[in-house]
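What follows is a set of structures for review.
What follows is a pair of complexes built around chain A, which joins chain B in one and chain C in the other.
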Partner chain A sequence: MKKNQIKFAFLLPAVVWVLAFTIFPLIYSVRLSFFSYRLGRGETFVGGRNFVQAFTYPRFWGSLQTTFSIVLVAVGIEILLGLLFAWHFNREVQGDKVFRTLITLPLFATPVAVGYLGITLFYETSGPINMILSLFNIHVPWLSHPFWAKVSVILLDVWIWTPFCFLVFLAGFHTISEEIYEAAYMDTNSELQIFRHITLPLLLPVMGIVIALRLVEAFKVFDVPYSLLLGGPGTSTEVYPLLVYRTALKNFDFGSASALSLILLAIVMCIVIIFFRQLRKVYE
Partner chain B sequence: MRKPKPLQKVRRYLITALILAIFCFPLYWAIINSIKTPLDTFAGSWIPFLQFKPTVANWTEELGNWETRRALSNSAIVSVCSTGIVLCIGTLAAFSLASFKFHKMKNQDITIWFLSQRVMPPVVFIVPFFMLMRSLKLIDTLYALILINVTFTLPFAVIIMQESFRGIPTELTDAALVDGASYGQIFYKIALPLASGGLIAVGIICLAMVWNEFIFALSLSYDQATLMPVLIAGAEHTRGVQFWYVAVRVLLTISLPMIIALFVQRYLVRGLTLGAVKG
Partner chain C sequence: MRKVTIGIAVLLIVGLAATMAWGYTFTPQQKELFLKAGMTPERQAYVKTKPYKGITITVAVNTAGREGPIAGPLYMFGELWGEQTGGKVKVVEIPYAECFEKFWIDCLTGTGKYDSVMAGAFWVGQLVEDNYIIPIDKFMKDPRFPQWDTATCSPALKTLRTWGEEWYAVPNDCDGQILYYRKDILNNPDYKKGFWEKYGYEMPVPPSTWDELKDIAEYFNGWDWDNDGKVDYGISMHLKVGGQGMFHFESMSAPYLISPVNSNLWWFDPETMKPLITSPGHVEALKTLVALRDCGPRAALSWSLGEAWDCFLRGDAVFCFTWGDLGSLAQDETKSVVRGKLGCSALPGTFKSYDPASGKWITFKRPNVVGNTTGGSWAGVISAFSKHPEATYDFLSFMATKEANFWNACTGWTGVDPGRTFVFIEPYGPAKVESYVASDWNAEDANEYTIGFYKNFYSSLMYPYMRIPGTVEYDTALDVHLSEAVTGTCSPEEALQRTYDEWERTTERLGRDEQIKLYQKAIGYTK
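Let's look at the complex of A and B:
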């Protein structure tokens, strides 16, 4: 076979597979979003009513707000902790490998399982966390209070994803050359100043990638809120994907669910476009 | 870098130990919950033998349960099959992208296109996939889950493998071409063996991703094709959350991806950032 045929023959199976299972479903979704479709009742064209309904639906805005507040706080904490851990471990040589290996474990933990693990950890009457807190006479209603339920979801997310930020930042630290530090130590002895004026600016590109990836990933948050509290108490931890799931497979309102999915897709695309230039540069 | 003073060293070790203790505690808690009697799980005791008598009853009961065994084997089948298909198709595409130049749509654009598939939230697809699988009569079958998992892990494999192939010196492939080797032979006899490290890492990460996948497993199966994550999620509907059984199921599910993850440290950063950061 000729070179030209070969290169397409090798590439096409993957492209066709992914195209077939993403583009057609998406087209179908777009079409469905203009219909009122309930399983078993047939479809009727309703124009943009599903979208109007979504935008006037209090739970829509509520779930968006929940998603954003959980995502922003969680990602903020993860980046901060990841940075601190990476800074802490940048110098250490002994035992570094063991630590790195152990701390990556949460990343691979099945998220649903983590949610159920969370139920036992945050168990209010005799869970381990409240038992420790009771030494200081504090009782936190982790799972029954709307605010603390959000905190619980955030803490579990932090447990899963801080290792990710840590690993990537550590890789970023290793790309900064020793000479820069040596030169800096000529001028100052303050670790904080060196961190502020040298490490941090040199780490910014890596940080951009981490933020972009975490933000995009965060809109997929479904497993932990679902398994921890099913979006409750009330709708306080009902994140956006959970709302879509419920509309689709609990209420079987496929038209509205498609509209909601497309709105989510639009939001994610906005984030991707914002970071697109950076990403493109990276893959050159 | 400057050497830390002994006191600083001690402080470092203490902080390290603290971080590790906090991060490993949830796992410890799951393990001791799984060896407690139901009554003990609610008493909140911390140390086995000292505070409570450990028992393996939960484990034997859970492993003797046919539902759990079915879910475990389902999960294993779906993960292994999906990973196999992903590696076959994905490495071919990656090899093509790494060694040839595309003109109408540049290589880099194709990579970005694959990347954009990774970025899409899966929840967007549950309605169309549900309808598609319903019309193909594939709801509650392992085929449906394999099809979908391949779709969502394939882009990842293509992106990462492509980088592994890029690392192979072109002199090698050129020499093989001069000797009359076909591109198929080059791929099979030169590129694949040289990129085997990356291949194994990608395989392991894909396996873990498929094993952990939840939302499609939840929306496309209800009985026959139940996977481990769905089994855990169904645990509470019968009699409230039974901490002791849940702990066993959690550990059964979590342990496989965690154990295999221990072997991919080298490619982890690259894999997790979709190749954007070289670790």
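Let's look at the complex of A and C:
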């Protein structure tokens, strides 16, 4: 085998992988979205009916709204907390290694398990959180009130994903040269000014990546709302992926589920493209 | 240090062994009883040959554990059946939300991984129509298999086990919902007096209508009526999405529509498949449910079955309407303070009922009470792709014998609820109260419990059970929108309208004409 042919042989597994597990499912999903397909009962071409039905389905809009509200609030808090912790632990602090380890622990927990743990934590009558709050005469209907149910999901999501933001930000902090800070300290002693004018701009590319990754991941949020509340009360925590799951694997309506998935794909792509354009503008 | 390590290791091993050994086991007498149950001379000869030696049958069931409802007895009886026949039972536990899908896909692909599944009765229509399960009539006639009598199933329960003229499910669990109440509290003269002063009529025990029940629940809600230092409640319900709350609405709403004039119109118009869920009867029922929400703990909105039962068993609620499990769980004094204080009755009725055919309310002089078989009535069906259908039937019928089923029905944790004729105490059936006492029941509770169920299962009017393709989908939509109504996200009318819209979508997607045909068949509708 010639030398330049060998490189193709090495590339082959990756190409096969991408074709089999990314390109083929995507094409199949696009095709399926134009069919009424019921498992075991064949398929019928229905044109764009699945898309029209999706847009006229009240739970479609409801789940989009729910997803956006949970994603935006959760990702916002995760970024802020991650940045704050990273900034704090970037300095020499006593016991920082222990704290760093503790902070990153939730990242290794399975979200489904965290959701089930949440049932215990947020249990309204005798859960530990309400027990503590009751000392201050506060009782929060964490799981029975549509608003607080969303808050519970957001809190668990923040708990799981803040460590990820923290780790990436911490790595970002380490890439900023000490010399820049030394030069800055000659002009000002204000930590806040240094953070605003030195750290933040230099951290912006990292922040962009973190936000983009978290947004893409957060739009797929499923495990916590499913295991904690099964999308309830009512449809208050029925996020978009949960709707897709129910459509596909509860109702066996794979055509509609494919259409719903493609709509989500389009939405997430639009958001990420717009976000990166804005980020590039700011960076330039 | 070495000693500490050895000590910890020993403790771990002992702990592990204790954990593995822990669990319910049959006494030698029980073993003997069950092994002889359903025996015929042919079977005696058959089992001597150990006919299933080397055969393993796989039974899928909702996840519950070795001592959990429905699944637990499979392990125990599986071992015993293995001793008798040489076969082996492999129990595969699948989460409730996925059990149907896994079995259905296994059949769709023709894999035959599962020989049987403990199926909810509401799955049966779909499984039969898809030819994924087989009729069991020929096995039932075969004297080599354990014998159980079809006459021990009430007509309503028989309907759940059959499709058309053929039997598909081997009897096991018999679901139906009744009202449980605290007899001691409701009969307290001081409370009766207080109720009379507040509501202007004598407290009926048990309440015969939902309105009466609502008044009583309201009266007892929010104060410490059992002097245990804690605030108590009127009613314990569970209304979490996915927590089977819709089953309870279905049972409670039945008398708002079903009456001597209308025996089966609750779900759909059988000629058009148009949902009836927005009818004034349904709206009235949902308004009652919303009112009942305020007669119990707010946390009930996030409760599943277990929490609601626990609330009643702890003695914190006067009422709970639910399945048979609660009665037998109440006998376990380690978890229940209501043993010996249990009152049971068929679910209350209404003084008026809406007739969808005429579009008019019908009023009654006496409460219109409707029985129900609401729930899964989990029972074994045999996969059409099973490689060992005979062995599978053999095992399922081993559990369906009078002796085995009676034991299951008397034992709280099994999740197998009573319903077959032999569980009813004289004069309603052949059972003796002593048999219940021997199973550690309080005699009075046993009487109340079995009478309550007898009246439910043998009611002249029954709630029409839904078991056509899409039932789970229809139920799920109802579940979600009921939750919206009870959490105040929308009005009862809006919630039911949303349910209507979703049911229409489902019917359209599944094929209206096909659904009409199956629905008519399922409810026995003829023009």
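The rule is short, and it goes like this: the second predicted complex is superposed on the first by the 265 of 284 C-alpha atoms of A that agree within 3 Å, B and C clash if a C-alpha of one lies under 4 Å from a C-alpha of the other, contacts with A are read in each partner's own complex, and residues count from 1 in each chain.
Here, a residue touches a chain if its C-beta (ideal position, glycine included) is under 8 Å from a C-beta of that chain, and two chains touch if they have at least 3 such contacts.
This structure is a prediction, so every number in the text was calculated from the model and none was measured.
By the touch criterion defined above, A:Phe219 reaches chain B but does not reach chain C. Of the two partner chains, chain B is the only one touched by A:Leu117; chain C is not. Shared-chain residue A:Asn251: touches chain C; no touch with chain B. Contacts of A:Pro233 after superposition: chain C is touched, whereas chain B is not reached.
Residue contacts after overlaying the shared chain place A:Pro146 against chain C, while chain B stays out of touching range.
When the two structures are aligned on the shared chain, A:Ile209 is found in touch with chain B, with no touch to chain C. Shared-chain residue A:Ile103: touches chain B; no touch with chain C.
Looking at the superposed arrangement, the partner reaching more residues of chain A, out of chain B and chain C, is B.
Residues 123, 125, 249 of chain A are contacted both by chain B in one complex and by chain C in the other. Across the interface of their complex, chain A is touched by residues 1-2, 4, 12-13, 15-16, 19-20, 23-27, 29-30, 33, 41-44, 46, 89-90, 92-93, 95-97, 99-100, 102, 108, 110-112, 114-117, 119-132, 147-148, 150-151, 154-155, 158, 182-184, 187, 208, 211-212, 214-215, 218-219, 228-229, 232-233, 235, 241, 243, 246-247, 249-250, 253-254, 257-258, 260-262, 265, 268-269, 272-279 of chain B. Chain C contributes residues 98, 101, 104-105, 108, 130, 239-243, 297-302, 472-473, 476, 480-481, 483-484, 486-487, 489-490, 498, 501-502, 505-506, 509-510 to its touches with chain A in the complex. Residue ranges on chain A touching chain C, taken from their complex, read 36, 38-40, 53, 57-59, 123-125, 141-146, 149, 229-236, 238, 246, 249-253. Only residues 1, 3, 6-8, 10-11, 13-15, 17-18, 21-22, 24-26, 28-29, 32, 85, 88-89, 91-92, 95, 97, 99-114, 116-117, 119-121, 123, 125-128, 131, 159, 162-164, 167-168, 170-172, 178, 181, 185, 206, 209-210, 213, 216, 219-220, 222-223, 226-227, 240-241, 244-245, 248-249, 254, 257-258, 261-262, 264-265, 268, 272, 279-280, 282-284 of chain A touch chain B when the two sit together in their complex.
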